[in-house]
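These are the structures, in structure tokens.
Presented sequentially are two complexes of chain A, the first with chain B as partner and the second with chain C.
For the complex of A and B:
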């Protein structure tokens, strides 16, 4: 074998273990559940292999599943919007502040290192019947009896925003930080007000970061399982809860496969549209 | 004027992020027997209760073993793959990068279902092996992104100098590349450990009955409403996941400045 051939093979040897893991533990299993979604659940024993459309018919036409899917997308959209509204000014402040940028960024990343479930349940301490807010309001004499503020759609969104905001801020920061501030100076020297300069120069240039953060927030909140269980009420189930219900509780694996794939396809379409217009590189920047 | 408004806004955003966490820490030292407001005094009793809770201690051991194994495997796979991506010109590199970060793009529930059903088909049911496989595949993309970002900054010319001075490729790797790579390896490993330690969605699908990790243990305790014990556990986890890396980073900087002169 020539040296060139050996050189050409080296990266593939390095990539082989990781690629094998991804293919065997992600790609093949995904293909497998596509096949599985056409099988039939048997009352007892192994599921029946074959090509049955029953699960897909149920997943696509049952209004119960459709309503929860739409509600999940709605919650994800609101969460993303709130994250963007809270996150943009904060990212702007970090990117333009003098000196203590690193401290602000590290602070922002801290919650990311703190357990997701701890952060989610921490809201029970704040909003619960014997939580901080109720205690404070009783002490101040605003209310006489504690009120239940938890276990509704708003608290689910609150928990999701609290979880996902650092992702949004970080992505916006990355793209704001990359903008040459001379561009804004140029705009203002040409007579634009600061607000005009921001709207016409800075904001458009930071859109890729906003889009990357938005995609992450949307996909992560639409696939969430834990937050609605801890902070939502019985009516606030999201799509991932249905999947868990089908797979773990009812052991209806063919239907569970179809439901998972439905979620994957809906979110996948978004990722593909995003990739088409902005590419994966922006996303990698924000995560790295 | 506008700037001051943005500053206040940002402070409020940071408060929103940190206030609930601060309340967890505060309540974990609460002497009140229900662990709720109003606080009647400070006490460490909930940490004693925690220490004597066998289920939690078992969960801690499981999480640490699982996290360490995940970190080792993911870091080895991730560093090798990152080397290939950063150091070589490979055709179809974009496609390979997308494939390698695919586990982030697939919703975790879907990944969890696919892996559970496929490995079950191969006669690997809910088990520690399934948990480990799941955690590796879930952490690998993060390791690759972190390690790649660090690798780009390592300069090639030192290696080339070593090679031209007669070092073998193996010697060059061990004496030049690996020491420069260590921060990336450490960062990747720490990242993988933290993500594995924190994971709950996938873990709920993969864990066999009787095995609990720390997050699933907290999750099952939360079913009977929040107890001060959970706040104490939260405080311990906050100290472990935030305090230790910060101390580690500080120590590393200290050592680096010392050896640097």
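For the complex of A and C:
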């Protein structure tokens, strides 16, 4: 075998384990789900193989599914916005801190050492009827009766922000950390105040990180399943909960498949649109 | 009138003093260079003038006005960085126009000024490009255009040529000097490169370990170094332990073993006022290698052996032994460099020598 031939094969040999994993664990199951979504659940138990559009018709026309899908996207959008507003100053602080950057980054990663479910459930101990906040307010005499603060849309968003904020901070941090501080000095020497310099130089140059963090937060929160189960009320179901209902509770695999594909397609389309207008490539254009 | 005045400036970072009691007067329209090795405090000084650092003590005045409490964006200074610091997301024209946005300059006026500045740096057609599409030399010219378009009171250059490769650096040096002279802006230039400093400056401030070693015109600093540090930092100098045997009206007599008697002109040894041990300074370029036995009536000569040769194309650096002393000489090469082991006669003139007091070794 010639050197050229060997070099041409090398990337494929190196990629083989990853490609095998992706094909076996992602592509193949996805194909199964696509096929399943066209089958029919029969009362007898065994599903009817075939090409039926019934599940898709139900998923696309039932206003129940549509409303929950829109609500899911709304919750994801609010979560992303809150993460961006809270995350940017934190990322800026870490990027500009001298010396203890590593310590701050480790502190940021620390929550990942604890299970996401346990972190989510911790809010019950804080906001619950006999939780820390209610006890403190009763002890301080601010209220007489405990207030029910849990199990609504706000606590779902709170839980999601708690979960996703580090992702946002890390993405913005990476972007900010790569910006030459001389640029801000140059801007001030030319007459810009610190704030003007930030708006003109630092903020636009950090947009790729903000966009990446935003995308990650949006997709992860739109696909979340556990947070609404733990922190949401009966009416706060998100789309992933519907998939769970269909597949686990009703054992309706075909409908569940169609619903999960619907979410996948909607998020996929949003990602494509996002990339088109706030695309990483577009934003990175000016960066050398 | 002085454009910049530093009075007893001190800068401390915690326990470390980066700049000690520095006073400096930079006259209007002049090109002044802060020269020194890294860590000598030259950039710290520049950043204090710029307003990027606050002095711990002392006063900074620009055009006679105290600016210690004036923030950087109100100082009206042009700042050029080693790494260009162009805004990567803005076009060349937007970069150059940046400072004009914060001054009351009309749109048409701004356009004209940007075009003029680009013309001045000889890149009139690159306004629409992005910085990353330009070469290093072009980027540095744009950075210069951006700094001068605002008509700054003082232009501050922080090692602007260091990131460029050797040939380009020399072109930019000439170019920078031309631009500075054509607009007549007071310029403070920071560099560790003695050639740049000698070529461009009206005045050189040699710094070492946060202290000013010498302030003077390039020739003055080069020919009459005020300290051993200056003698060694600017070019290759031979520093030899010698003895001053007498001080007369016009010159001082210096003796050292193996050398003839040297009468150094007084102005080359301003710090020597009494006989005693001194340091004799002879520049490597001033030692001329001649065939052994050559006799020269108006110069001094000493026999030497070539121990090593550092070939540099048009010139060569010779490492020579004269008795117990090791000397360097840099000579133009006529044909071939002299081979190692050659016996030569070294010629030099007393007026090219300088003498310094012996410094306490720290």
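Throughout what follows, the second predicted complex is superposed on the first by the 269 of 288 C-alpha atoms of A that agree within 3 Å, B and C clash if a C-alpha of one lies under 4 Å from a C-alpha of the other, contacts with A are read in each partner's own complex, and residues count from 1 in each chain.
The rule is simple: a contact is a pair of C-beta atoms (placed from the backbone, for glycine too) under 8 Å apart; a residue touches a chain by one contact, two chains touch by 3 or more.
Predicted, not measured: the structure shown is a model, and the values here were computed from it.
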- For the three-chain model obtained by superposing on chain A, do chain B and chain C clash or fit? fit
- Which of chain B and chain C A:178 touches, first, second, both or neither: neither
- Identify the partner contact of A:264: answer first if only chain B is touched, second if only chain C is, both if each is, neither if none is. first
- When the two structures are laid over each other on chain A, which of chain B and chain C touches more residues of chain A? B
- Once the shared chain is lined up, is A:89 touching chain B (first), chain C (second), both, or neither of them? first
- Message: After the superposition on A, what does A:205 contact: first (chain B), second (chain C), both or neither?
- Response: second
- Task: Based on the superposed arrangement, let me know which partner A:49 touches: chain B (first), chain C (second), both, or neither?
- Result: neither
- Message: I'd like to know which partner A:196 touches here: chain B for first, chain C for second, both or neither.
- Response: second
- In the overlay of the two complexes, what angle sits at the CA centre of chain A between those of chain B and chain C, given in steps of 10 degrees? 80
- Least Cα gap, in Å, left between chain B and chain C after the two complexes are fitted on chain A: 14
- Residues of chain A contacting chain B in one complex and chain C in the other: 194, 287-288
- In the complex formed with chain A, which residues of chain C make contact? 50-52, 71-79, 81, 83, 85-90, 98-99, 101-103, 130-132, 146-147, 150, 156
- Note on the structure: Per the touch rule above, chain A residues touching chain B in the complex are 10-12, 14-15, 17-19, 21-22, 25-30, 32-33, 36, 86-87, 89-90, 92-94, 107-108, 110-111, 113-119, 121-126, 128, 130-132, 134-136, 139, 162, 165-166, 169, 194-195, 219, 222-226, 229-230, 240, 243-244, 247-248, 253, 256-257, 260-261, 263-264, 267-268, 271, 275, 280, 283-284, 287-288
- Using the touch definition up top, name the residues of chain A that touch chain C in the complex. 180, 182-183, 185-194, 196, 200-201, 204-205, 285-288
- Residues on chain B engaged by chain A in the complex (per definition of touch): 2, 6-7, 9-10, 13-14, 16-21, 23-24, 27, 34, 36-38, 76-78, 80-81, 83-85, 87-88, 90, 94, 96-111, 113-119, 121, 133-134, 136-137, 140, 142, 144-146, 148-149, 194, 197-198, 200-201, 204-205, 214-215, 218-219, 222, 225-226, 230-231, 233-234, 237-238, 241-242, 245
